[in-house]
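Scrolling down, you'll hit the structures one after another.
Look for subunit A in each of the two complexes below; its partner is subunit B in the first and subunit C in the second.
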Partner chain A sequence: MVFTSFNFLIFFPLLVVIYYITPVRFRWLTLLVASYFFYLNIKPVFALFVLGVTISTYIFTRLIDQTNVESRKKSFMLLNIFLILLPLFFFKYFSHINAGIFSLLESIHIRWPLPALKLIFPIGISFYTFVAIGYTIDVYNEEIKSEKNIGILALFLSFFPLILSGPIERAKNMLPQFYSLKIIDYSIIVEGLKLMLWGYFMKLVVADRVGLYVDTILNNVSQHNGTTLLFASFLYPIQVYADLGGYSLIAIGTAKILGINVMQNFKRPFFATSMSEFWHRWHISLISWLTDYVYTPLSFALRKYGIWGIVTALMITFLISGVWHGAALTFIAWGFLQGLFLSIEALTNKKRAKFEKKHNLGKNGLYIFIEIFFTFILFAASQIFGRAGNITDALTIYKKIFTTAGSKLFIADVGILVFALLGIFILLLNDFMCEYFPHVKLLRNKNKYIRFFSLLLLLMYIISFGVFDSGQFIYFKY
Partner chain B sequence: MIKLLKKLVLFFLAFVICDYIIGLGLDIIRNNSPDGRYFKTQYSLEKGKEDIVILGASCAESNIAPYIIEDSLKMTCWNAGRGGQILPFWTCLEKGILNRYTPKIVILDIGANDLSGNLFPTGYERAAFLRPFYHRHKEIHPILNKIFFFEKYFDCSNLYVYNSSYYYLLRPYLFKGLDGKIADKGWKPLTGKMPPIIPHPIPIITSYNLNNETVQLFNEFISNLTTRNCKVFIVISPVFNKKIFTSPTIEYINRLNDVYLLNFGNCKIFTENSRLYRDDYHLNIEGAIKFTTLLVKRIKHEIN
Partner chain C sequence: MERPEITNKLTAIFRKVFCNDSLVLSNDLSAHDVEQWDSLSHMLLITEIENEFVIKFKLKDLNKMRNVGDMIDIISLKTDC
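Up next is the complex of A and B:
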């Protein structure tokens, strides 16, 4: 079951009714049962993995808490991380490692084909594994106490709004909330519904519509010219934003209706004026996770190297982020590029600040626009690696962009492209208003009639222009 | 909770009213469409009474010119072909037509492997193009309701049935004739030529198994016509540089008693002449005229 399935539209209202008639002290249990039901609905066997991660994490975090010997604590932490990473590595990297070993042996004329397994990737495994690792490290660092109730921990790791694609939440935010599930509140439910509605707009109207065009182009790189590939490469980051951003909003809204606050995952990323700012606005939960558990410990360990220590930490962090997205070389190239952009920014930070101050560019509209545009170009350029099926395709895209740009744009179905661009315009206009004119609000206007009709219009727009027969969310594969 | 329920009911009522009013407006736009794909479909479903009806996908739509058939057979003819559509859509149109009258001849242009293809989900999803006609045509419900489980409930909404249709709904008001002129009777002639290529036709040998569900719907489609004494001609259009002698679909149709199979898949006049094509699969105007002339000769031969 996914958020855009019609089954979810039946499941969720039913759950809300059951949830609110359940006595408060048993609500966590209702959520746990609902979460497993939700996940079992995708593929029952997948639930075994989340259950395994839960049991392992419970046992080892309890052991960490009960031990006073530092070395044993560390061993328990590392052992749990190793154990829960095993299924993730197996499902994500086995076939790549298999192919790598095979081609390596073949290069020295040894034919020894390893058993090829057709593995179905358990959706959400990257997400709940990261959540469990974060929790384990937090317990080890004594930032939180280990959870005594395995049911609550199971709920934390399997909480259905977040299990498939995040946001990657933290125990210190979530666990206390499961103990104090709130009494029904009209304004919270309405706010949750608004978030869900905007999330559906982003997903169904923008992401899936843009995807119809982008997939046609980027799945057949060799058949399209530079202009078309450039255009599709510009659209793809917007598609990902609308897809994962939309998913996140539906997840946050769903959780909110159940009385649980979840962290924001996107904050108008295409209005960032630098790559470092961009990464404070894009997939915030993943980046803050990587910052806390990878970048900060690394930069601390490398502090004696000064700025080069920071650069090294940045490169390693984003290479890990790339590997998290997938085992392919394209993702490593993607991570490398992100690290490279951020490193260049870190190295030139002082000079840029001085330059901006000298020419008083901080509030210059044109300068800000150029910064925003340049940041977008950098991200879109790196996303070519994120989207391409392999390195050859990615390099073909770059090559064609620089050699055959200016040729005729392939449009395919005009209707699809027109609606896609219209959706993008509305999405970016909303982000623009929130960024620069936060007092102008439609869905949250003080006037109840404006609020009411804005919501009505949004619903009608989704029904009129949404794509209801598309595939899944992009981030389900990570 | 009461406040929330009240607001939700109010919101739902407002939605229903808006949905109804906008739906009325959209119906008016569709009904008065000067030409285009909705005009054509509505004409096929509700108005046309031609002796000969052409059904099929883009090859039917652009390769077969009704006026040549009319001149030759002295019967009226309408091309109801629609690009990208397959059996579920044709079945809907057939049901709409047979609800009103029985044509004397139906020409169905199909691909050489059409009976091997799956109808789920793409075939039924493509037939969703007919959603704007859902409320007026009960006969198409059994097909459209197969798109997905909740289809019949969602089709209660006018906005939903017109989902994504606005561009093609409004375009004929701004640009006439982009989907074919009314005078061409449903034919959508294609201009342009392929670059000259020296042909080396490749014989296409397919071994796809027939799809039971597709065959079942196809049989239903055929028997709906033959039981009403309508003559059915099944046409396999030519493809440039490819020779299609046979396939499980062709063999299956060959075994049927009440239909005439006209396979142009191995017709040298077309398969080796790039000048007659707009692209590998579609003939240009010159090709379409030549093809229809040849087709009508074969039909004449069969019915005499």
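Up next is the complex of A and C:
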């Protein structure tokens, strides 16, 4: 059962009814049962992993709180992190390590058949593992007391709107809310529904329709010329934004209807004027997690090296981000490029600020447009590695873009492309308006007729042009 | 060390790190209020503060710094030790 499945459209309204007739002090229990029911419906055995992570995290965080010896606290923290990372490493990296060992043995003429396991990747494991690690570190740093109620902790780690693809939330935000699941008003439910509706638009109308074209091209790199590959490479970041951004909005809207506020995960990323700003607008929950638990401790430890300590910390953080997505060389290349872009920006920050101040470029529309365009190009260029099946394909795309550009664009089905581009236009227009004209609203207009007809139009557009059979969200595979 | 003295020294450091001679500190000033104050420049700020006040922060101190007021409190504690 996923957000775009018919089962979810039956499950969620039923849950809302049961939730609101449950006495307030037992609502957390309703959510816990619903969350495990939701996850068991994906694949029953997956629930064992989130249960294991929950039990381990509960035991070790309680031990951290109950000891006064600093070295013991640290040991409990590190032991829990090690234990809960084990399944993630196993499922994500075992087959790569296995293949690597096998190649190495073969290269020295040793044929030793290693067990090759056909593993089904537990969806969401990357996300709830990070949530659990963040919680463990927060308890160790005394930012939060360990949760005494294992049921509430279990709910935090398995909360169904977030478990499959985030946002990666923090205990400080979520745990207090589970203790105060009060009656909420109609306007908050409507706000939640609006978020869900826009999320469905992003996913079904934009991401999945763009994906029909982009997948045709980028799954067959050798068959297409530079122009087509360039065009598909420009569309792919928008597909990812619409897919994960759409999922996030559905998750946030679902939680809101249940009275729970979840952090924003995207903030109009394609209007960023630098890569540094981009990473404050794209997959915000992951990047803020990496900033708090990887970059800050690293850069703090390396601070005596000044700007070069920062550069080192950036490179390591984004290499970890790349590896979080997957163990393939393409993800490592992707992470390396992000670190490189941000490092160059950090090293040239003062010079750029002086240049902009000297020429009064801060509010120059053309300069801002060039910055936005250049930032998009950089991200799209790095996403070639993020999308490609292997390094050879990624390098082939680059080669063809630079050697066979100007050749004829492959269109395939005109209808798919036209409606994909129309969807993108609506999405980016909405983002543009929110960025520069936030007072102009349609879905949240003061006039109830404008609100009603905007909602109706949006719903009809989703039903008419949504792709309802394209399958999973992109980030399920991470 | 007294708060006014800490504030004066801190002001000089902020103006140097953010290249802004008109920057004025207040207790509730935070990263949201200062352009270019992000996780990258924050560490440069921390190093300058440690050098100026001859103190050493712990990682837990950083987590407690939500604004300039918190920063001054922590510096005051460390310089009085």
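The working rule: the second predicted complex is superposed on the first by the 478 of 478 C-alpha atoms of A that agree within 3 Å, B and C clash if a C-alpha of one lies under 4 Å from a C-alpha of the other, contacts with A are read in each partner's own complex, and residues count from 1 in each chain.
As a convention for this text, contacts are C-beta pairs under 8 Å (C-beta built on N, C-alpha and C of every residue); 3 or more make two chains touch, one makes a residue touch a chain.
Remember, it's a predicted structure, so these values are computed and weren't measured experimentally.
> In the superposed arrangement, which partner chain does A:Leu361 touch: subunit B (first), subunit C (second), both, or neither?
Touch partners of A:Leu361: none, neither subunit B nor subunit C.
> Is A:Leu29 touching the first partner subunit B, the second partner subunit C, both, or neither of them?
In the superposition, A:Leu29 contacts neither subunit B nor subunit C.
> For A:Val323, is the partner it touches subunit B (first), subunit C (second), both, or none of the two (neither)?
neither
> Which partner does A:Glu143 reach: the first (subunit B), the second (subunit C), both, or neither?
In the superposition, A:Glu143 touches subunit C alone.
> For A:Gly415, is the partner it touches subunit B (first), subunit C (second), both, or none of the two (neither)?
After superposing on A, A:Gly415 lies in contact with subunit B but is clear of subunit C.
> Kindly classify A:Tyr295 by the partners it touches after superposition: subunit B alone (first), subunit C alone (second), both, or neither?
The answer is second: A:Tyr295 touches subunit C but not subunit B.
> Touching A:Leu86 in the superposition: subunit B (first), subunit C (second), both, neither?
neither
> For subunit A, which residues belong to both interfaces, subunit B and subunit C?
none
> In the complex formed with subunit A, which residues of subunit C make contact?
19, 36, 38-41, 43-44, 46-47, 50, 57, 59-60, 62-63
> Spell out the residues on subunit A that touch subunit B in their complex, using ranges where they run on.
6, 20, 184, 186, 189-190, 414-415, 418-419, 452, 455-456, 459-460, 463-469
> Which subunit B residues qualify as touching subunit A in the complex?
So the residues of subunit B touching subunit A come out as 1, 3-4, 7, 11, 14-15, 18-19, 22, 121, 125, 128, 147-150, 157, 159-160, 162-164, 166-168.
> Can you tell me which positions in subunit A touch subunit C when the two form their complex?
141-143, 276, 280, 291, 295-297, 299-300, 303-304, 306-307, 309-310, 313-314, 342, 346, 349-350, 353-354
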